[in-house]
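Take this structure first; my questions come after.
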Amino acid sequence: MRPLDVLQQSLHKRVLVEMKGGRSYRGVLDAYDQHLNLLLSAAEEVVKDEVTPRSGVTLVRGDSIVYISP
Amino acid sequence: MRPLDVLQQSLHKRVLVEMKGGRSYRGVLDAYDQHLNLLLSAAEEVVKDEVTPRSGVTLVRGDSIVYISP
Amino acid sequence: MRPLDVLQQSLHKRVLVEMKGGRSYRGVLDAYDQHLNLLLSAAEEVVKDEVTPRSGVTLVRGDSIVYISP
Amino acid sequence: MRPLDVLQQSLHKRVLVEMKGGRSYRGVLDAYDQHLNLLLSAAEEVVKDEVTPRSGVTLVRGDSIVYISP
Amino acid sequence: MRPLDVLQQSLHKRVLVEMKGGRSYRGVLDAYDQHLNLLLSAAEEVVKDEVTPRSGVTLVRGDSIVYISP
Amino acid sequence: MRPLDVLQQSLHKRVLVEMKGGRSYRGVLDAYDQHLNLLLSAAEEVVKDEVTPRSGVTLVRGDSIVYISP
Amino acid sequence: MRPLDVLQQSLHKRVLVEMKGGRSYRGVLDAYDQHLNLLLSAAEEVVKDEVTPRSGVTLVRGDSIVYISP
């Protein structure tokens, strides 16, 4: 098993994505690639405990990600 | 489906682009490439809630992008 | 012997992962790859001596890692 | 169309270049390459609203660029 | 002679590793690779003159290293 | 014409090199390569308006450079 | 001539190495490679005018280097 296999298993499920700089996202994982670029839907952005719902999808750039928690 | 496919679907539509350092852009996506370099038209720049309209097009360098929201 | 061989020997054992920016994780190493991307289960996140248990698995991006201590 | 095509169309025209760290340049685009290295002539440097004219040409390194506005 | 040859000569000997951000390690070099990833055993971590012994081995990621002193 | 061609034309002439972090150099360009590594002779280092003459040559690493002004 | 040729000419001679973050080293250049990794002997570390002699050799990682002055 490789680490990114967990993303395959998490497709269409809710994940938590922690970003560099303290921002994080919660949303449904619609797609990913080997650079850890992620496509999230029904996402919420969390900055210092302040939650902002985001409509539509969000494409998160992989190199700003610290960890992903399926 | 791969994450960047959402950009193909977003061509000629309005997107929100969040940059490293707190700056963001809203504009129409005219073009993109695999490095996430984006060409936006009719863009507005938003820095700390201050909105500045930008005339013409804006070429945004991909490696400064945190997320793109179509 | 190469440095990453120690990860092979640490599979399914508890490791400590120190991240850039002062955050660290303790968890069971379920998978790793050559970029040092890690999959941890039963992980705890430690920020400034504050320990937060994390349910499920956590995929940690390799380029944010400072060191791994099996 | 690809994002960098706009640079081809902007050759010998005035562009605005925003750099990481808050510095920006306005000048005539004499040349560019795929790394977004730019050659500007008749450039002005703008740091916090202070404008400094620069004689001759300026070679701007692509990886310090945030966006280019033709 | 190339710079990394000194690591071959330092195998199983004590080295000092200075990291970005002011942290450093002293330990026995058990393995290294071309990315300067290091495996140290019997290591001590030094942060601002505070020394913490670390049991077992420590895998230090090469891109956080400033210098290695065999 | 490509941006780096201006360096070929600037060989053995005086250039200004602005670095990340606010430091800059003025010196005669003796050599360059495609990574923008530069070899300067008769260089002066300028940090916050304080000028320090440097004897001999200085090899400046390309990835710390913001711009070069021939 | 290419910039790194100056390192070949500086082998076994004293060089000054300025690092990102304000640290610098003076020492005899025993080896180098194309990534600007350097092996210095009889080195002194200088941080804010405080000089610390370092016994043995020091392997300095190239990507932390700002400039080298032979």
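Which chain is which? They are A, B, C, D, E, F and G, in the order written, and residues in each are numbered from 1.
Everything below uses one rule, namely that a contact is a pair of C-beta atoms (placed from the backbone, for glycine too) under 8 Å apart; a residue touches a chain by one contact, two chains touch by 3 or more.
The model shown is predicted, which means the values in this text are computed figures rather than measured ones.
Visitor: Can you tell me the least number of steps between chain C and chain F, where a step is a move to a chain it touches?
Guide: Minimal hop count between chain C and chain F: 3.
Visitor: Nearest whole angstrom, what separates the Cα centre of chain B from the Cα centre of chain G?
Guide: The separation of the two C-alpha centroids amounts to 42 Å.
Visitor: What whole-Å value do you get for the distance between chain B and chain F if each is reduced to the mean of its CA atoms?
Guide: 34
Visitor: Centroid from C-alpha atoms only, then distance chain D to chain F, rounded to Å. What do you get?
Guide: 19
Visitor: On chain A, where are the residues touching two or more other chains?
Guide: Chain A, residues with two or more chain partners: 63.
Visitor: With chain D as the start and chain F right after it, run through the chains round the ring.
Guide: With chain D as the starting chain and chain F following, the sequence is D, F, G, E, C, A, B.
Visitor: Spell out the part of chain F that touches chain G in their complex, as residue ranges.
Guide: 19, 21, 23, 25, 30-33, 37-39, 54, 56-61, 63-64
Visitor: Please name which positions on chain B make contact with chain A in the complex.
Guide: 1-7, 20, 36, 62-63, 65-70
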